[in-house]
């Protein structure tokens, strides 16, 4: 078997007495969508932050493309090919859609210290940004300010920015949150097509989307993975039903 | 340098620190509760001193002067809060800096307009003047002991107010979550005015207390303001404990630095050069302390970690 | 080039009016914490003009806010737009250093009502620069002379850590023959002197000399009086000026200070000045008022003898100092600084108010220490 | 956008032409005022890079202004006294040449900005405001007690420094020099705002998390902005010193920092010509109000208050409407 693209090994993070993640081990393989689900307070945010490098784990490892990146900064991980989208969208609200996409392209180019020629005049940046916008159906809105976009459009832009990075792995933090059923459906289609380019670690509350998309699902409860498996396996797992699905009416 | 002299200088450091605390406490409360940078806090210090001097001159009573300082500063604070500051809570720090910078100009020149360009007279009441002999034979001005005492009592009262009373609970709630105290049915606008007036009153009182041994003049507030900012930044903005610790640190550094640095330099250079180098460095000492603290702990000693 | 321009303007003026007008630019501090000094300077200066009742002097008054860059701007404006002939009025040495060299280089006369830094007295002296006040070191020198005369042998001296402070202590030491119990430079603008007073107490000194102008002096005097240290204090007049004394209160009583002028100086010009000033402004004059008054009278006396457009003649007329100084005898030395007596005053209470009384003369006919350096 | 472009053009045209008119009608002081406005505007343009684009509220920009000023003062005073600055293994002479002075001013203030930025950018928000203030105060007290260069008295330079091919003593020529530099730096800052760096910096101010997520380091972007900003303000300081032919610690005072910030906010933060309008209006007010009343600070204060409370976005915002994204 080839090496997983992204992998965590026994990630532990405590806040005082609370163990937010308690030895989380999971992997993301080429071509798959791996969903992480769990009730509120299960430690999903803490897990994401450790994978992205926002917080350092007390113990354990994060590996990206076979390299131990646990000590790496967020920026270094992004440059190494890990793209993320934010649960609460973290776009530059005063800027246009295109400028936000350009930022991604600029990040991918790795050389932001160019001071005189306009960013828009740089062909390779612009093409890359427009391609991503096009794919998310945002090309027509390129000149629109993000602040005036609808919630759903901002979600799409989040994904578009991630796309500009041409990453080796996606980490998506509840991309469906707040989208209507139509929006979810559209995004589901996009993500479905994306997995061929780079695998997606999908942290999501929307069960319909998860069950529609995921090749594998891991269930996080109280900081621990209690089960990992295919959709069918997870549906059938009694422990999961009791701990998690059981709670949801 | 005798141990007695060192003890005396430590007392001096404590005294200036505790007065700084009165300034810094209001500043840090106002920042903690309302998220506001108030550059005009020094003006309230000045208002207190002028009110005290004018009242004491008219009535001959220092005590009445202190009362007037409290009332005048609190009123000025409440007024400014209602007219100006209230509109700045949801603005960024930049607007707050500019607006309160404008307030300094208005307060300073307004005071000069009313009281003229010459310093006012405010003296220590006879009952508190002159030195007393402390154990160990230290001759120490009674008034400075009085300042330490008043400062400690006020600090205690403030800790009690914040920690033990309903108002304190609301203030602390306000620091954590504005929406929550609105949900609790507290009238936020009133709470803010009250906190601002409280901070102003503390500054005004400090101005009057210190004014008795200093020069009551226009512009007296700004040096203290900058020191008070240094204090709350060292202590961690929003923390009363931090303000106390920061104030004492700054007071002691400032006082002791001025004495020991020249002596330190005298060990390695000739006396005249040492005196000047030491004096130069000691005037920079508290800023170096502040920079060092911030580099070490970017949110101050007792500030909330982000 | 500019000088030519000015000359031609003056010529044009001559053609229209019978008498040559003199235009004076008075730059002084009228706002902010140091405004009191500038206001006194202005009031003294204007009183003299008013008394003379002349219409051939025009004064343009500007507020420098005690900021050097503002002073420079104002000087530029007065020179370029108002085309003044004479500049005067600056209180502070650092502002004078910013304005005077450039102004005199452009051919204007500068008559100093107060600030007279060493640079302008010595190597930097200029034919167009006259100090009507003193040389900055003078009052400190007088204090040193008095300390020696009074038999003090172990003085503790302190001043703020800036050039005028250093000049002050050097000036004191120039005429002081005893030992130093200690020498301290404080922060500029410092308000608390507890630490310094403790050092004074511990030093075993027999007297204290201090130079702390403005609010610093008020703070120091109050705190010193309250500390129980009862060593005799000596200082230059700046901390005992008429306007400041009331704010210091009884803490200043009995303190000796040195000055080139006092309101009780016994001469007719002074008596008339004090009366007129008090009547007009409702307060007693200060040293700054007196210097402003003298400067205006000096200017008027020179105008009677020469045209301001004639540099050489006007300079000679100024040098004569043919006016009734409120300081009694007054003359200029070769570097165009006063030669005058320096007095010791004591703070006394007169009725409701505190004021100064002359008790001694510290130095007679004092010029200044930098004369040899002035090549003019 | 067009309305603001028009306004910018008008403002620059007015600032550029007024002195020409003044020169022709022999009003040299008007030229001096315009020069002052242009130089102060340049200082604020510098701050605008850090504050407007980078969101770094620095209350310590007087430090760079002062360093620029002292660079001029030190170099020129040594040249004027014919004493070398350093005379050891090799000799460093003073100079009266503006280009050299500018270069030194820019390099020195950029170095200072780099060092201070490295430390100060560990903090954020109010702490950043305060730590920059603290560094400014440190420099202020240092300058006061720096006897070798005049301490509190400052340094006087008797003759304005020279620029090849110009007679800088002629007011209109010196103005032209300052105005030319202002326009050049405005153009540069216009380009900067649209450049890849400007884009990234702008995003770093609004959403540092996003910037990190695309692999860029927001702190480093801000540090570079701070250095550029300090360098421009330092250049303005050197010019200001040359305008006055004088430097003093006042240039380092926190009020100077406050005033530079006032120019910017009065005109409009993050607007290309905001600093220019702010500085010009401030200089005019100072000149007019100062002549009207001894207590003109009160009116200035009230006016500033009115701008903050009722004219958000400063004067440019008032005239040209809300800021738009750069495109």
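Chains: A, B, C and D, in written order; residue numbering restarts at 1 for each.
The rule is simple: a contact is a pair of C-beta atoms (placed from the backbone, for glycine too) under 8 Å apart; a residue touches a chain by one contact, two chains touch by 3 or more.
Predicted model, so just to flag it, every value in this text is computed and none were measured.
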{"item": "Partner chains shared by subunit B and subunit D (touch criterion as defined above)", "value": "C"}
{"item": "Identity of the chain that, by mean CA position, is farthest from subunit B", "value": "A"}
{"item": "By mean Cα position, the chain sitting nearest the middle", "value": "D"}
{"item": "Inter-centroid spacing, subunit C versus subunit B (mean Cα positions, whole Å)", "value": "35"}
{"item": "Whole-Å gap separating subunit A and subunit B, where each centre is the average of the chain's CA atoms", "value": "49"}
{"item": "Cα-centroid distance, subunit A relative to subunit C, in whole angstrom", "value": "75"}
{"item": "Whole-Å separation of chain centres (CA-atom averages), subunit A against subunit D", "value": "43"}
{"item": "Per-residue overlap in subunit D, given as positions that touch at least 2 other chains", "value": "141, 144-145, 147, 295-297"}
{"item": "Residues of subunit C whose C-beta touches two or more other chains", "value": "31, 161, 166, 187-188"}
{"item": "Residue numbers of subunit B (touch at least two other chains)", "value": "108-109, 112, 276, 279-280, 283"}
{"item": "Touching pairs among all chains present in the structure", "value": "A-D, B-C, B-D, C-D"}
{"item": "Sites on subunit D touched by subunit C in the complex", "value": "27-30, 32-33, 36, 141, 144-145, 147, 150-154, 156, 158-159, 171, 240, 244-246, 248, 250-251, 290, 294-297"}
{"item": "Contacting residues of subunit D [partner subunit B, same complex]", "value": "51, 57, 59, 119-120, 122-127, 129-131, 133-135, 137-138, 141-142, 144-147, 254, 258, 261-262, 265, 269, 295-298, 300-305, 307-309, 312"}
{"item": "Footprint of subunit D on subunit C - complex, ascending", "value": "30-31, 62-63, 67-69, 72-73, 76-77, 80-81, 93-94, 97-98, 101-102, 105, 117, 161-164, 166, 187-188"}
{"item": "Partner subunit A, residues of subunit D touching it in the complex", "value": "188, 191-192, 194-200, 202-203, 206-207, 209-217, 221, 224, 323, 325-327"}
{"item": "Subunit B to subunit C touching residues, read off their complex", "value": "1-2, 5, 8-9, 12-13, 15-16, 108-109, 112, 116-121, 123-124, 129-131, 139, 141, 143-144, 210, 212-220, 223-224, 255-256, 258-259, 262, 271-272, 275-276, 279-280, 282-283"}
